[in-house]
Amino acid sequence: MKIEQNHIQDSNKKSLQSHQEQFDFLSNNLSKKGADVQGIINKLKDFQVAIPSWALGAGGTRFGRFSFYGEPSSLEQKIQDVGILHALTQTAGAVSLHIPWDIPQDYAAIKEIANGLDIKFDAVNSNTFQDQKDAKETYKYGSLSNTSEAVRQQAIQHNLDVINIGDKLGSKSLTVWLADGSCFPGQNNFQTALQNTENSLKEIYKGLPNDWSMLIEYKPYEPNFYSTVIQDWGTSFMLANACGEKAYSLVDLGHHLPNSNIEQIVSILMSKAKLGGFHFNDSKYGDDDLTVGSIKPYALFLIFNELVYGMQNNPNNPDLAWMIDASHNVKDPLEDLIQSLEAIQEAYAKALLIDQAELKAAQLNNDVVKCQEILQDAYRTDVRPLLAEARLKAGGALSPINAYRSLDVRNQLIDERGKHTVATGL
Amino acid sequence: MKIEQNHIQDSNKKSLQSHQEQFDFLSNNLSKKGADVQGIINKLKDFQVAIPSWALGAGGTRFGRFSFYGEPSSLEQKIQDVGILHALTQTAGAVSLHIPWDIPQDYAAIKEIANGLDIKFDAVNSNTFQDQKDAKETYKYGSLSNTSEAVRQQAIQHNLDVINIGDKLGSKSLTVWLADGSCFPGQNNFQTALQNTENSLKEIYKGLPNDWSMLIEYKPYEPNFYSTVIQDWGTSFMLANACGEKAYSLVDLGHHLPNSNIEQIVSILMSKAKLGGFHFNDSKYGDDDLTVGSIKPYALFLIFNELVYGMQNNPNNPDLAWMIDASHNVKDPLEDLIQSLEAIQEAYAKALLIDQAELKAAQLNNDVVKCQEILQDAYRTDVRPLLAEARLKAGGALSPINAYRSLDVRNQLIDERGKHTVATGL
Amino acid sequence: MKIEQNHIQDSNKKSLQSHQEQFDFLSNNLSKKGADVQGIINKLKDFQVAIPSWALGAGGTRFGRFSFYGEPSSLEQKIQDVGILHALTQTAGAVSLHIPWDIPQDYAAIKEIANGLDIKFDAVNSNTFQDQKDAKETYKYGSLSNTSEAVRQQAIQHNLDVINIGDKLGSKSLTVWLADGSCFPGQNNFQTALQNTENSLKEIYKGLPNDWSMLIEYKPYEPNFYSTVIQDWGTSFMLANACGEKAYSLVDLGHHLPNSNIEQIVSILMSKAKLGGFHFNDSKYGDDDLTVGSIKPYALFLIFNELVYGMQNNPNNPDLAWMIDASHNVKDPLEDLIQSLEAIQEAYAKALLIDQAELKAAQLNNDVVKCQEILQDAYRTDVRPLLAEARLKAGGALSPINAYRSLDVRNQLIDERGKHTVATGL
Amino acid sequence: MKIEQNHIQDSNKKSLQSHQEQFDFLSNNLSKKGADVQGIINKLKDFQVAIPSWALGAGGTRFGRFSFYGEPSSLEQKIQDVGILHALTQTAGAVSLHIPWDIPQDYAAIKEIANGLDIKFDAVNSNTFQDQKDAKETYKYGSLSNTSEAVRQQAIQHNLDVINIGDKLGSKSLTVWLADGSCFPGQNNFQTALQNTENSLKEIYKGLPNDWSMLIEYKPYEPNFYSTVIQDWGTSFMLANACGEKAYSLVDLGHHLPNSNIEQIVSILMSKAKLGGFHFNDSKYGDDDLTVGSIKPYALFLIFNELVYGMQNNPNNPDLAWMIDASHNVKDPLEDLIQSLEAIQEAYAKALLIDQAELKAAQLNNDVVKCQEILQDAYRTDVRPLLAEARLKAGGALSPINAYRSLDVRNQLIDERGKHTVATGL
């Protein structure tokens, strides 16, 4: 199914007047305080977040999985789902594929579907944390870091294949997430494992087209529970430097130890021109993969404050590959993603409201109270009218979640696909 | 010094019209959605938070202390400071004393000063974590839990003395925070330490006037770094049950292990009619004692959601003893406290906006997306006009922090007190 | 397959003399210091740990599962595996079944197999965290805590069925672990969820035979990632008290927030006669389910110190249901379990070496240095000869892991079962 | 006071025979397994750990300080204390001074005292986290990272002064620990703060004598509770690279977020030839500064495993500056330090027992069970006889803690110094 423009406009009608009042009032307030409201709305319109193909079905935990009706069962249907999200929100204009789950059978057809929905192909993701059916080598004891050269070669070749697939679709970056690590002290030699990983990444890097980036993800634990080879930003940064200028670190919000100051990591990576990608989600305990902004929205705002600052002050960073990397165990995945997109835009809009010059002055003055006031003033502002206006201008829904429900999207998907389809993915 | 009503009204003048517009617009919006705006404002006006006497000076860490000019150097001056806070915010109508730091020399005089500023005496706090100059026994190895009966007796007697002092001032509750615990495995016998503590608390409980409450605080670590005798809410709850119906648990936001779900603890304690007090602050790592709402404002909102629910549904809990327990290393303490009071009122107001009936319906329907929407709708609302209105109606400042600065309070205090006074406390 | 006594004795032969020397030397040393070596060996012999049926196959994570050759594919084969462990270690004399994974088809036959291997049936485990194929109701939104009475009834009935099955096999306790909780703020009403759980547990409790115990497990998170209904020992303890004297708390080492002092929890539960069961494993980050003693062996020792103390001083606790609850992603499950059993016995033996009278004296004297010396003296002792002696006397292998390998057990299992069998479980 | 050789020998007498038996038995066992016992003992003898001058008095927390009798009140007395530790343990042959607490008045005299006790001057420590009495600038808002150039200059000059003082005493390295950071979001611009720090460190680096090292410490929080400028090893490593080849990272065991894999950090820093120093202590919650090995001895062993590996395989690292950085709130500081020294030597000895070739073979074979067995075999060995033998050969006490007590050292110190002296420090 596809959501047509006129359906969205119909769904907007009854709220239009109310929206206009809210927006005018807020816009007026913000303009008085010196904010460039139109500039903010333009930035919100331009901000597009990729949806990973594996986030469109129900997620699971090691304790089981409760499926959801109407899941997409093919790549085409996944892209349709992203199209639905994008039509409603106008901020989901990209999809991030995972190989081998999403290998296209007909590239031209897939590209045509995506084009028709205004969806780009963002970073492609390789998978060396599971064994494929007829794989010669096993990743049980690691992939790019494995002590066996044959395993490393298989993993390297897989990444090169992924680049090749992505290239045909118009992707411009490869995301490498390694599950490599160890479950027990002594299992791995840390130095060897890192050296092998560095060597393997360099091999992959050699196969990168000139206009591509390689994004190196880090994670402190899971599925390995004693150590991971790329455990933190420092290791990722070191590897990116070793590979070259097209290699960057990728930050996933859930991949940090308790109490980490993630916004500082983001800021420092940007200051060194080495932040290449970003995975959004939220968490209370570990890599919980919850809806963005559902647990720690202020932390998300602080991160966006650094992102906005970096985009303005650190021109040597690439355009970031933004992606939502969440899982949905108890919600309709599309509704969950709509909530995530809303939270991202909200944090971005609030960060754009911060008067950077005023903040810098307060910092130079060591006026800590004022610094806090400036941040909180932006954060406490109810920016929903700005988000709605940006969507409206772009042809989206004033309230995507309400539109999704009133248009009865899920039931239409069930009608088309049946109840018991199962999406590939985690 | 004392802030006069007319000074506040003067400071409000230039923002009055703007406030009225903001308030009307918001009030209108909220009323349309079914909110009882006037009821919320009345609740905000009624909500009073105690200021602890030790929070009026600069705080320190074990690495040192950077002092602040114009600190209060006597109990009178401390109460004056609370008076300033209350005049501006109209939400700081109580002080919480710490013995022996705040033993009045002239009870009648102290009460008169407090009355004149509309300040009540909230819970009194005992101190058995430091040795006083001429103490016979040392608390180095514990107080109420100590293996020595003489030490325990001294600590019990101190608590009885504190009750006596509080009674003369009109306090109605005793807060017991124990630093007791151990720094090394084996140092303490856990069972003996807990049994001693229970026995000691029962002795203190016997000395409690009929209309008093005993509030038992818990904390997982610091200043002891291996174990604490009352490490968590479960232990505090067990002790409160052992003592009797006038004994309750007290929750301090900073006293939890990483990632604790504090709102659930609050909710469960209220359901058992055993939540007696609350210490506000914020933290990223441990008991950091930062300004309320400066790090995790959404968590504070979720806690208030449970408090509001409990106040409506669990009538057997006492009126809670609300207190700010923060420390101020880099801010003017009074400004810090104003920011804390604002954050508390904000979280409370937002929690009051939650439509509990709608939430319950969504919960029964397992509509998780809707549940989240309901909470986020309340949280995303900019409630500052409600807070300002409540303050205005009560005679406070529209913007307490701006008024504090424009009235040049700190400099007046320095003029009166001198630069190098030092407040008693941590 | 079954390991015959004479095979074990053969495998012991070449190490017998060396063992005797080691044991004599150690025994002599310990006796000089006043230890009752024979008493310790008897206690080690008596100490039996249950093996859960689901731990005999390869474990997995949400990212996948790497299978292992020769996994047991039936209940009979699972019990055979426990028989192998027990023959070698003489400390695995029980199995803990999980329903519905392990419903016997022929009770008499299963009991006969178990009897022949000297295996008892320990606690039976219910499963309300997954939906079974033809279930009427879904546990997606909870089981015993569900807002729907029909779901609760199904979950209650399942637990009663599990009791019935266990009863036929000679089990004497039911372990209830709930995955119930929520993934997002607002999803659950904490008070309702807990009240429903309490009511449901009471229903199950009514169906408990007189000589049975009900063990209530707690866990702070996973698979729910915002809240769990029974989040900590305090909640479990409260529920056990509400149910009655046959209800107890069960401690799983992996089910705690970072930095928890688990030994203190154990101690306090024992002092209140409410510790009923224990799940062993190890972890660095969360519920990692690693081999016991592989990450924090000293913490395990400290826990055993409290267990030993409690067994001596708190006679009102029941015989504890000891069980290993680990998962094995990169090791042969049987080897992993042998390592776990060894670590448990080691910690137990060391705890038995602590001179409790001397420790108490040092505690009373506040001689913290001495307290630590006493614990460390016991911990630093190499107790492996004691473990080997206890096994030898009981008919087990001097070195179970070496015997397992030299007897080529895994290959025999593969020959019998084939490579690609898959055990039921997580 | 000074402990004479003959006193130590007297105290050893009654245990000599028993020691010899233990040592012979163990030595024999280990030799059979292929260990080079004499080589290990030589390494133990060579391993010297610096005692920081501030660790010789009682420590405190922000909640207070319980003093200890007989504390050293001058630099001379501090060095005497180190002399006592070294005489007993033969592993404390260095002192680490802290400026301005330990500025010598008579360099020649101080050096003579130290020489007479066989004590070297290890790394010198600067202090820019406290304001000195007549300081022109305040470090309240940072030192090397401060936005004010005057403050940065003062801090740089202080470090240069410290180098100068250390140079006169024979130190060869400067340890820079910064408390710099922020307590609230927005207070600092992360990029500016880091850039200022880098520039300041480069200025200090310029003043470093050719044969000196600069050791850059990192810490995630405390005394700043929102951010620190050098929050992790990645930042420290980046700064060390920016400064030059004489700059290194320094690892303090307590300066990590919960659950950090410190041994991996150590290993990776060594592989990059950037590990320059090491601060020993132990902790359960944060930077608790407890006795080394008192909480997580296995983690210490795993760290030493990496250190031993690195010392053998990464020749480009400098000789490490080993130091104990603990605090003593409830123990006699000297006894505490003796326990720490013992724990360090124990971990080192056990790490030396690991058969690296066998471990590497097991790793290449992915024999995870075997890898664990190898590590645990070393760890489970009771190496105390090796430690005693190394001390004996070097002229130290068989049991330092017993000798310290039997020689009645503390009472002699009290007699000499009086009860109420207070050492400078935290």
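Think of it as A, B, C and D in the order they're written, each chain with its own count starting at 1.
FYI, a residue touches a chain if its C-beta (ideal position, glycine included) is under 8 Å from a C-beta of that chain, and two chains touch if they have at least 3 such contacts.
Since the model is a prediction, treat every value here as computed from it, not as a measurement.
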*Using the touch definition from the top, list the chains contacting both chain C and chain D.*
A, B
*Where does the C-D interface recur among A-B, A-C or B-D, taking recurrence as more than half of the contact pairs being identical by residue number?*
A-B
*asked:* When contacts are scored as defined above, which chain pair ends up with more C-beta pairs, A-B or A-D?
replied: A-D
*asked:* Do chain B and chain C, two copies of one chain sequence, contact each other through the same residue numbers, with over half in common, or through different ones?
replied: same
*Distance between chain centroids, defined by C-alpha means - chain A, chain B (Å)*: 39
*asked:* Need the CA-centroid distance for the pair chain A / chain D, whole Å please.
replied: 43
_Multi-partner residues of chain D (at least 2 other chains)_ = 140-141, 182-185, 187, 220-221, 226, 258-259, 261, 284-285, 291, 294-295, 330-331, 366, 368, 372
*asked:* Going by the contact rule set out above, which residues of chain B touch chain C in the complex?
replied: 140-141, 147, 182-192, 194-195, 220-221, 226-227, 231-235, 237-238, 257-261, 263-264, 267-268, 270-272, 302, 305-306, 309, 313-314, 359-360, 362-364, 366, 368, 371-372, 374-375
*In the complex with chain C, residue positions of chain A that touch it*: 59-64, 66, 129-131, 138-141, 179, 182-185, 187, 220-223, 225-226, 258, 283-286, 288-291, 294-295, 329-331, 426
*Footprint of chain A on chain B - complex, ascending*: 22, 25, 29, 258-259, 261, 284-285, 291, 293-299, 330-332, 335-336, 339, 346, 366, 368-369, 372-373, 376, 379-382, 384, 401
